[in-house]
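Common to both upcoming complexes is chain A, partnered first by chain B, then by chain C.
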Partner chain A sequence: MQQHPMVAILRRLGAFILVLVALSVMIFILARVVPGDPARMALGPAASQAQVAQLRAEMGMNDPLLSQYLHYAWNAVHGDFGMSLVSQRPVTQDLAETVPATVELVLASVIFMFAVAIPLGVLTAQYRDRWVDVLGRLISLTGVTIPSFLVAISLQLLAARFWPSWPILGRLDHGLNFHGGPTGFMLIDGVLAWRWDVVASAAQHLILPAFALSIAGIGQITRITRAAMLENQRKDHVLTLKSFGVPERVIVFRYLLKLSSIAPVTIMGLEFASLIGNAFVIEMIFSWGGFASYGLEAILHKDLNAVSAVVLVSGLFFIVANLIVDVVITLLDPRQRQKGGR
Partner chain B sequence: MTDALLQVEGLNVSFTTYGRTRQVLRDVSFSVAAGERVALIGETGSGKSVTAKAIIGTLPNAATITGGAIRLEGREVLHMPPGEREALKGTAFSLIMQDPLSSFNPVFLIGTHLDDVMRFADRRRGVRASRAERRDRIAAVLRRVQLADPERVMNSYPSELSGGMRQRVLIGLALLHQPKLLIADEPGTALDVTTQDEIMNLINQLVREEGMALLMITHNLGVVRKVADRVVVMHHGDIVETGDCHRILGAPAQDYTRALIDAVPPLYGPRVTTQALTEGAPIVEAGALTKTFGRRRSEFTAVREVSLTLRKGEIFGLAGESGSGKTTVARMMMGLLSPTTGQVTFHETPAKGRPLAQIVYQNPGTSLNPKRTVAQSLSVPLKALGKKGAVRQVRMQELMALVRLPVSYLGKYPHELSGGQKQRVAIARALAAEPKILILDEPTAALDVSVQKTVIDLLLQLREELGLTYFMISHDLSLMRNFCSRIAVMLRGEIVEEGATPDVFAAPEHPYTRALIAAIPVISDDEERMKPAVTDEERARTLVATTV
Partner chain C sequence: MSDAKMLLDASDREMSAAYMMWYRYSRKPAAVIGTLIVLSAIAMAVFAPWIAPHPKDVGTVVNFRARHHAPELAHLFGTDQVGRDILSRALFGMRVSLLLVLGVLGISVPVGTVLGLVAGYFGGWVERVITGLTNVMLAMPPLVLALAVSNLLEPTLTNAMLAITLQWWTWHARLIYAVSKSVAAEDYIEAARLSGAGPLHILFREILPNCVSVISVKTTLDAAFVILLGATLSFLGFGVKPPTPDLGSMVAAGRQFMPDYWGEVLCPGAAVLYVTLGFNLLGDGLRDMFDVES
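Moving on, here comes the complex of A and B:
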């Protein structure tokens, strides 16, 4: 009995809302148990006790916890995360400006990861124990072990030394006089505005941070792809096709690749957590101005509203990514669709 | 012989692994004439599959052909340019693979496999055909292998078809380009006997109608009688004897061939085992067991209202094909699985800390941990019983003596042992905790016939020495006839026939039992004649169709 893919997706969505609720409760409690008074932080050491007390009351911090949470959840559902203490603007507005930058960076990294890692995995498996394999495994091992900030800083230093005109900070050349468009993705906005100079500059700016961010994933996915390819090469169905003279390249790039991509795609979903974590660091190094650097700023200043929104959005990223991964796997593997029935 | 379709002459093949070279084929010579059916038989390691791979050209990298010639219609294939050799695949000769569930890539449609095979074979032959034309040709071939709904088969994923249907598709795959020679590598071995029987009939029919030659590679002598005119017997890379099928099976010239034939449990005539069976008091009783898996919409009743009594000292056999629920019943009887309704009563209580029953699994290759020595495997149940140090050592040595293995084998790893030796270790492990009942789950299915016999003999001796009760699960009815004192036959979760083994075989009542017995490949014409009659209507009613 085939389960309709939609049913599976709707089930996932239901679970997804539950996870979000749980996440918001955790963030809410965490934000209230950590030491330090946000009102005092906001007003600075010079403010009087009375002023701090007044701000606390304004922020609703004297209410019972449950009603504080309900209030918070109600507002959050309506897209209101309160005011940021640091920027003195609504958190939602800050997020709207910073999230697209991060999404752009992360998506570019994911594309990088698959574009580099899958072919590398296939190659290393095809040329097992030859120099291509040894080199590929060395690269992937390096990718897995070297921390991404080290890669990022090294890339910056190398670029600055050998190619001084290459941009190593920010998302766009300041001289271009371009202030974003409807999507917030520089590449897409550039295309929409018919500004090819913007697109070129944005792409230049994107390459180094995206590469630095993807390096760990490249290592991981290469290894998984290689292992899956090797495992599947030994299967009888490869022999079936070989015995009937189907060319090797078709067997490898069509039959084996699709079957062997299930494992790396699954890993991708998990890899996403570290991707978001690494994005915090990479954005700082490259002055990316994304939501991760915004979050880091918020954490350092104990900007509670901003912190909880950032954590919630990170969780959302992770969940959505895994939802997509699940859907992709369901489409790749017919056996997944048969589960539940007999 | 110049008119031979396939001629193999003085073929020598050796394998090099870890720097050690081993010769696996020594001067193998035989021929297959056009339209002739030849069987290549032998046990594990005899070199029969290597011979087939050398002909097809799919030898693994570790293998080297060190001498000899393979001629197809007079043309030497071993020294052909690779492109020309590739062009022979699927057209001059074709391979029927056996289907251990994995002959098709699970994430591609059956139709995709078929279309790719056809497309590239077409391209090699310079045939141009559109996708729709190919689809029609494929559908026609699928109808040829009696698949009633080719469209549905093509639009299915491999996991959506039954084993019998997949085997039919594999045969279809081999027929796509009307080859002159079919090479069949143990087709149907992984399937139930009834399905295997249908597959053999189909291959026979196709070979006859299309005038193809057949090279059948098998270890099953019953299959040989059914599908071969001539037989080539192989043993350890040598050809032992070649000759007409009836002559070989009826009056083998070589001792090895005779030993092979004698090891096949006879379906009629005197039983191999004449051990006296004492039927004592009931030891385990199962009352109206029902087991349901899954919930709501996906609910599936694996076992329905099964009542059984296992008596002390008997050898009880539960027969049935895959999916009939026999393993589920065995698990419930031993308390490994709790029934949905019904109950199991034990009439004997084991000593404290000791199990009443232990199980011996089908495949010792997977039931023994490859990273542990025999001693380590045996020590697990002994440790659980609290046996320490010297006591444990002594007990291990006793166990090895029980299963007739030298004590020195305690230090060996499973990969250093043969299949039969591994199964002996598995039996020793099951006996370690001194159970009263041994559950034998297809204990010989993974073994060669000659080894099968030695394991069965060992089990019989152990029963006598230790006073054990056996509960055997199997689909091999001819083995059960020679081994079990009482059998029950299961069909779709229910017991359809039960009785003393000689009675059941002398006069099987239920049509399913008759169909099962009739499907067993036997090695003599006399046995074939004595088989019970089954009408097509009865067959259709009791067997799962593999054609739709």
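Moving on, here comes the complex of A and C:
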């Protein structure tokens, strides 16, 4: 019995690898059907026809498509996505420098989401149809419908108006003379370097963008939590607890909450796709300089190698997030643990 | 109308399903407000040339003397950096948003529905191919894919539409697949098959009617997401070409003059919020009305 969750997770992992392979095929095809010759773009308009032809041969572009794809996949598995046209450096190196910033931002906003949405969902369900519920539903409706760029800009406006010293751009004060550390996470690097001023500044810079990024998820998760709480309140075992005179507080926090957090965690996994998408907007508005900013720049300059790496890594984010979600759900939900054994 | 009155009414008329639905709908203020907002947005988009106070400002008009006006009687939303009326441009911008919705959902809803029906009813390798394809597409953040595709081709409205559609059908296919698969196991489907109904009849006359409520709820809620996605794309500079007004690119333009002329950001932004709010309220209302599980 103990092994079964592991087996289930391994099976999911296998499925995810298949998804990743299919995704890479799609991106490869996408990059080939694009109008314009990568060799011509790399050399510029001044290059002669012969030079372009030579580079095409060097890039392997005259080979059959299948062998081109295998070559591409082989390199990608080894972490080689080719050179970026814009930065003139290996794409992998660019990614290694930018991805941690985005992960830091996304993790912070996931923490915000659960910290705000779960209590709000519980509150609105407990005080159904009272003013707390109406207010909470209004907040979640607004969260779902408001464009994230509008939230981000409004936050910047409010900060500029009411708290001019609060930082609204970048990840750190330039004056601190700190240039990152081994992990790339500003908060952790600050702790490692024993620089509490860096940690404080990084946290200050992180709050607004992380909050702006979390708004959509807060709306979604509050709704789901509320619906799950309401549904589970009617279940027989909860009624049994009530009739035994178990205090409301214990029922809600010990029994209902765990049961009702399965649905929001599941949704979180799907939410990740739009979370990564919104990170592109938020990073641009707050000059965050992470992976999404890099991706946006690459797309603007039609930097094919960088674009396909960015698309692939975005998909990877989603897949990893969903693997984690699967594990968390297995831990939360005893029914999932039993499934394999039957 | 009270419940008793409704019952009386219904005894005259046959208590049709449509009447019950209308009754449930009319008792939901959120659904009614949502409908009104959506209808008003559509009206604004359709009649934009006639109701816009300064229809000329939609094109390449420059009036530097009137630039950055705060909201006033002549310009309810103020004017932008070259003196064009923001309200007029926002009204025309609604057209772009709603056209995008029409284009994306007009293709992806039928395609997704048919593929979902087929996958759920036939099963076997058809099911495996279609669900596998949806799993791959869903792993891609919609915005990232749309950005990449539309810019690698050429950043125009049509390409943005294409790029979003490329992925959007999968959500519908998955949803309809689930319904179709559960319905396909029902006895009356078997009965229809035994009495000689062809696959086309079963798919579209027996299974499809079961999906109507799910499709309409999903489509309405999707309209809001597509508008958000479109506005975000054009905010990032991947939408329509500059002289054409678009809500997302208006926000982006206003952002350059931000702390001082904040109305230029918030007014077009509020217009996006207005439309998405309407579709969301309507979708939630429809869900209650059809009693669909989310």
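Assume the second predicted complex is superposed on the first by the 316 of 342 C-alpha atoms of A that agree within 3 Å, B and C clash if a C-alpha of one lies under 4 Å from a C-alpha of the other, contacts with A are read in each partner's own complex, and residues count from 1 in each chain.
To be clear about the criterion, contacts are C-beta pairs under 8 Å (C-beta built on N, C-alpha and C of every residue); 3 or more make two chains touch, one makes a residue touch a chain.
Predicted model, so just to flag it, every value in this text is computed and none were measured.
Participant: Would you sort A:Leu230 into first (chain B), second (chain C), both or neither based on which partner it touches?
Facilitator: neither
Participant: In the overlaid three-chain picture, which partner chain does A:Val327 touch, first (chain B) or second (chain C), both, or neither?
Facilitator: Neither partner.
Participant: After lining up the shared chain so the two structures overlap, which partner does A:Val132 touch, if you call chain B first and chain C second: first, second, both or neither?
Facilitator: A:Val132: touches no partner chain.
Participant: Scan A:Arg161 for contacts with chain B and chain C and give back first, second, both or neither.
Facilitator: Only chain C; A:Arg161 stays clear of chain B.
Participant: Which partner does A:Ser243 reach: the first (chain B), the second (chain C), both, or neither?
Facilitator: In the superposition, A:Ser243 contacts chain B only.
Participant: Just chain B (first), just chain C (second), both, or neither: which does A:Ala22 touch?
Facilitator: Only chain C; A:Ala22 stays clear of chain B.
Participant: Can you tell me whether chain B or chain C touches more residues on chain A?
Facilitator: Touching more of chain A: C.
Participant: Thinking of the overlay built on chain A, is A:Leu296 touched by chain B (first), by chain C (second), by both, or by neither?
Facilitator: second
Participant: Can you check the complex and tell me which residues of chain B touch chain A?
Facilitator: So the residues of chain B touching chain A come out as 56, 58, 86-87, 89-90, 94-95, 97, 100, 102-108, 113, 116-117, 120-121, 124, 157, 159-160, 170, 173, 176, 293-294, 297-298, 300.
Participant: Under the definition above, what is the set of chain A residues touching chain C in their complex?
Facilitator: 15, 18-20, 22-23, 26, 30-31, 34-35, 141-142, 144-150, 153-154, 156-157, 160-161, 227, 270, 273-278, 280-281, 284-285, 295-296, 299-300, 302, 304, 307, 310-311, 314-315, 317-319
Participant: Contact residues on chain C for chain A in the complex?
Facilitator: Touching chain A: residues 132, 135-136, 138-145, 147-149, 151-153, 224, 228, 231-232, 235-237, 248, 251, 255, 258-259, 262, 265-266, 269, 272-273, 276-277, 280-281, 294 of chain C.
Participant: Of all residues in chain A, which touch chain B in the complex?
Facilitator: 1, 235-237, 239-247, 250, 254-255, 258-259, 262, 332-335, 338, 340-342
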